[in-house]
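Two complexes, one shared chain (chain A), two partners (chain B, chain C).
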Partner chain A sequence: MSPLLDVQGLSVTVPGPDGPRFVVRDVSLSVDRGEALALVGESGSGKTMTALALMGLLPYGARIPGGAMVRVGDREIGGDVSREMASLRGGTVALVSQNGSSALNPVRRVGDQIREVLHTHGTAGIRGERVRTLELLDEMGLKEPDRVAASYAHQLSGGMQQRALVAVALAGEPDLLIADEPTSALDAPLRVQLLDLLARLGRTRRIGLLLITHDFSAVERATSRVMVFHAGQTVEEGPTPRVLTAPRHPYTRALVAALPFGGRPKERFAVTKEPHEPPPGPGCSFRGRCPLVEERCGHDPRLEKVAGERRVRCWVTGP
Partner chain B sequence: MERNVPVFGLPPVPSKLIALGGNRLAQFGLAGVFAVSVLALLAPVVAPFDPMTPGDLARDVLLPPGGRHWMGTDQLGRDVWSRLLFGARVSLLVALAAVTLSAAIGVILGGVAGYLGGWWDTLVMRTADVVLAVPRLVLLIAVIALLQPSPAAIVLILALTQWPAPARLIRAEILSLRDRDFVQAAEALGFSRRRILLRHLIPNALAPVLVAMTLGVGHTIILEAGLSFLGIGVPLSWGELLRDGQQRFLVGAWWLAFFPGVAIAFVTISFNLVGDGLRDIMDPRQRSGP
Partner chain C sequence: MEARGLTVRFPGSRGSEVLALDGIDLKVHEGETLGVVGESGSGKTTLGRALLGLQRREAGSVSYRGEPVAGPEVRQPLLRQRAQIVFQDPLGSLNPRLTVQSALREVLLLRGRSPTEASDEIDDLLARVGLSRDVASALPNALSGGQCQRVGIARALAMEPEFLILDEPVSALDVSVQARILNLLLDLQERLGLTYLFISHDMAVVRRMSDRILVLEAGRVVEAGPADRIVAAPSRPYTRALLAAARLEALPGSGRTSPRQEEHPGTGA
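For the complex of A and B:
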C-alpha cells in the first residue's frame, strides 16, 4: 500500500533581489497513516515553507519550480501543486498553527467555528453538527465542552485555545494533520499535554501527523520519524530515537548537543558560526559553520542511505 | 452533555454597549433617539389631529402655539405637532433606509476591494473617488431631475452617493485583517473565498462601519431636509415642513419653521452623540481586554 503522503523533489522559491531564491530544495518525504513525522530545523531552514507548499498556502510570489511529485493517498498531484492542494484543504489535509488566540476567529463562538467546518465538508454524520461539535471538544480532553463551544476565543486559556484549534482542524476528518509549531505559545506542562493529545489522535484516528518544530523534546514525545532541515535541504532523516541518541550529521549533532536533557552533555559539539546564508556556489550548505569541514565539502553531498533506515547528507559522517 | 447553553447563534449584545460605557452625553443621545423613535412609531396614537386634512379655513389657519394646537397650525389649519410626529416617521425611515442601503453597498464593495485587491480594488476605489469628487447636492439634484422623485428613488439616490465612506472604512479594516492568522486558518480549512469574506472578514470589520452608520443617520436627515427644502424631497418629511414654514416666517408665523428646525437639530445631535459614544467604545485602538 502506498503511503498517505508521498512527496518527491519539492522545491520552493521566493523572489529575491537577484531573481528567485530557493528556500526549499529538492525535499522528499513520506508520511503514512498513524505515523508522525517531525520536520526540525532553525528559523529559515524551510520547514514551514514545505508545510505551506503542501497546503497550497504559499505566500504571494513564492513558486514551486520544476516537477514536484506529490501523492496524497491514491491521488496523484502534478502540475500546479499549490492549486491542486488547495482543493484538499480542510477535508484531506488540515493545519494547526502556532497560536490559538490568533488562529481562531475573534468574533465567532468556538462551537460555530467547528460547526462551520462540519458543514463545509459534510462531516457531521448522522448525529448532527451540534452533537458532533461537543464530541470533538470532548475528544480533545476539554472539560465542559458545551461551555467551551459557547465561548469566544478570548474567553479561553491558551491551552484550551490550542485544543479548540485542533478540534476545528479535525472537524473536517482530515487524513493528514500538519501542525506548525503547535506548542510554541504554551508553557511546559501544557506543551506535553498537547503533544500527547496529537500523538494519541494520530494513533486512534489513523491519521498522518506532520509536526513542524524546533523543539527536540516535542519530537521525542510525539513522533516516530524525524527529518532535519538546514538551508532548505534535508540533511538527516531517520527513526526518532536513533537520530536523537546517535545523530550523524554535524548539524543534527550540534542541535542535539545543545539540548539540556539528561544532565551533563555527552558530547561537546558546537557550530562555529551564527546561522547565515550558505556560501555561494556548489558544496555542502553547512560547510561555512561546520567544525568537521574538509576539502571535499566543496562538492554537493547527496542524501545517502546509512545503516538503520537513515539517510544523511554529509561527506564526512555519511556512509 | 446537553445543557441549555446557546452553542450557536448571534453574540449577546454586551451590556457595555447599552450603557455606552457610562458616557453621559451618549446616554442622553440614545434616550433622545429612543424617544423620537417611539413617538414616530406611535404617531397615529399620539397625534391629536390628522396631519393631512385641512382644518376649518375660517378658524384654524396659522394659529400661534397655544390652546388645542400647542405648536400652532399651518396655512391650511393643520396641527403642526401632528405633522411633526408623522414627519418623524418619514424622515427617520428615509434616513435609516438610505444609511442601511449605503452601508450594505459599501461593505460589499469595500470588502471585495480589500480582499481581492488588484484590479477589483482599483475599480471600486477609483469609482468611490469619482462619487466623492462630485458635490453631493448637485449630484442629487441632477439625478432627481432625471428620475421620477419618489421616496424609494430618494432613498436609492441618497445611498448611491454615500457608499464610498463605509467602503473605504471596511476596505482599510480588511487590508489589516487579511494577513491575520485566523484568515489563513480559514483558508487552510478549505472555506471558499466568498465564505471567508462574508463570514470571517466582514464581521470582524464591522465596528467602525456601525459607528459611521450612526453618525450617517443624522447627516442623512439633514441632507434629505435640504432636498425637501429645495422642493425635491419626500412629502411630509421635516425638511418639507421647514420649507412651508420658511415661506411664512417673515409674516410672523415663526412656529411653522421653529419646531421642525428644532426637531431636526435634536435628532441629528442625538444620533451624533450616540455615534461618538459608540466610537469611543468600539475603536480598536482604545479597546481594552474582555
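For the complex of A and C:
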C-alpha cells in the first residue's frame, strides 16, 4: 500500500538579492497511516519551510521549483503543489500550530469553531454537530466539554487552548496532521500531555503525524522516525530511538550532545560553532562547523543508506 | 538573599483572589545557583519579581546581605543595581528602536559613566557575552534569538550586579543556542562570582545549572534541597512528574539520551 504522504524531490526557493535562493533542497519523505515523523533542526534549517510547502502556506514570493512529486494517499499532487495542498487543508490535511491563543479565532466560541469545520466538511455524522463537538473536546481530555465549547480562547489556559486547537483540526477527519512546534508555548507537564495525545491519535485513528520541532524530548515522546535538517537538506534520517542514542551525522551528534539531559551539575555543554550561512560553492553544508571535516567534504555528499533503516549525508560517517 | 514568609496575592475574576505566593522561605548563598522549578502558574516568575521588589507583597520579608531590600520602608536603587533580571523573551525585553549600543549606553550613562568611558565599556560587555562588535549598531529585530538573549545578559551585566535572576532565560531558544547561552552563564558565574536564581519549568536544565533546587507548586515550596538529591530521590509526586516531563528519571547519568520505545527488532546491520 502506498504511504499516506509521499514527497519526492521537494525544493523551495525564496527571492534573494542574487535571484532565487534555495531554503529547502531536494527533500524526500514519507509518512504512513498511524506513523509519526519528526522534522528537527535549528532555526533556518528548512524544516518549517518544508512543512509550510506541504500545507500550501508558503510566504509570499517563495516558490516550489518544478520536479517535486507529492502524493497524498492515492491522490497525485501535480502542477502547483502549494495551491493543491492548500485545497486539502482542513480536510485530508490539518494543522496544529504553535500558539493556540493566536490560531484560534478570538471572537468566536471554541465550540462554534469546531462546528464550522464539521459543517464545512460534513463530518459530524448522524449524531449532529453539537454532540460531535462535545465528543471531540472530551476526546482531547478536556474536562467539562460544555464549558470549554462555550468559552472564548482567552478564557482557556495555554494547555486547554492547544487541545482545543487539536479538536478543531480533528473535526475535518484528517488523515494527516501537521504540527508545527505544537508544544513550544507549554511547560513541561503540559507538553507531555499534548504529545501523548498526538501519539494516541496515531494509534486510535491511524492518523499520520508530521511533527516539526526543535525539542528532542518531544521527538522521542511522540515519533517513531526522525529526519534531521541542516541548511535546507536532510542530513540524517532513521528510527527515532536509534538516531537519538547513536546519532551518526556530526550535526545530529552536536544536537544530541547539546541536550541538557544527564551530565554533572555545572558541567559545560558540548557545543559546535555558531550556525552561519553554509560556505559557498559545492560541498557539505556543515563543513564550516564540523569537527570531523576532511578534504573530500568539499564535494557534495549524498544521502546514503546505512544499516538499521537509516540514511545519512556524510562522507566521514556515512557508509 | 533571604526571604521569609513571602506572600503575594493577585486579584482574580469576580472579586476573588489568587494566592500567587504562599509563605515562601528561601535563602540564596553567595556564588551559588538556586534553581526554582514548577509548572506555569506555580508562582516562579512572581517569586523572582517579588524578591526584587518589582511585585508588591502582602506579607513576609526579603533581605539582601542582612538588610531589608523590598518594601515601602526601603528605597529601591540599592538593590536595583546589585540585582538584575534576565527575561525569557529575548526580543520582547529589548526596546525595538534602540540599537544594541544605545541600549547598553543608556544603562552605562545612568550609572554615571562619561560617554567615552561608556563606549569602551560597551566593547568590553559585548566581548564578555560573546558578541562581535558588528552587532553594536544593529536593532534587536535584526538579531537572532540567541544574540538578543546575549544582549539582555550584557545589559544586566552593565549594572555590575552581584545577583542575577534568570527567568526562563533559554526556553525560547533552539537546543544548540540554548547550550551556548547556558555555558556563557556558567562561565560568567565562575569569572565574576555571580549568584543566580535560575527559574525554569525544565527540570533537566535546572538540575544541570543549579547547586540547590526549590520546587514550587501553587505558590508553595513543596520540596527543596541539593540538586542531585532532588533528582535522585524526589519525595513528592509533583516533583516526579516534573522529572518525568524532563525525561530524567530514566537516565543513569550517562549523559546520553535513552530511548523510550523498544528498539525495532530485526533492523540491525
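Points worth noting:
Please note the rule applied: the second predicted complex is superposed on the first by the 308 of 319 C-alpha atoms of A that agree within 3 Å, B and C clash if a C-alpha of one lies under 4 Å from a C-alpha of the other, contacts with A are read in each partner's own complex, and residues count from 1 in each chain.
Going forward, contacts are C-beta pairs under 8 Å (C-beta built on N, C-alpha and C of every residue); 3 or more make two chains touch, one makes a residue touch a chain.
Source: prediction; values computed, not measured.
Residue contacts after overlaying the shared chain place A:Leu255 against chain C, while chain B stays out of touching range. Contact with neither chain B nor chain C is seen for A:Pro280 once the two complexes are overlaid on the shared chain. When both complexes are overlaid on chain A, the residue A:Gly19 reaches neither chain B nor chain C.
In the superposed pair of complexes, A:Gly79 makes contact with neither chain B nor chain C. By the document's definition of touching, of the two partners only chain C reaches A:Ala307; chain B does not. Within the superposed three-chain model, A:Arg191 lies in touch with chain C and out of touch with chain B [touch as defined at top].
Overlaid on A, the two complexes show chain B and chain C touching no common residue of chain A. Considering their complex, residues 1-3, 5-8, 11, 180-182, 184-191, 195, 199-200, 203-204, 289-290 of chain B touch chain A. Chain contact summary for the complex, chain A toward chain C: residues 42-43, 157-158, 186-192, 214-217, 220-221, 224, 239-242, 244-245, 254-256, 258-263, 265-272, 274-275, 307-309. Interface residues of chain C facing chain A in the complex, by the touch rule stated above, are 33, 39-41, 144-145, 174-180, 182-183, 186-187, 201-205, 207-211, 227-228, 241-242, 244-248, 251, 253-264, 267-269. By the touch rule above, chain A contacts chain B in their complex via residues 55, 57, 86-91, 94-95, 97-99, 102-109, 111-112, 115-117, 120-121, 130, 133-134, 138, 145-147, 149-150, 152, 154-155, 165, 168-169, 172.
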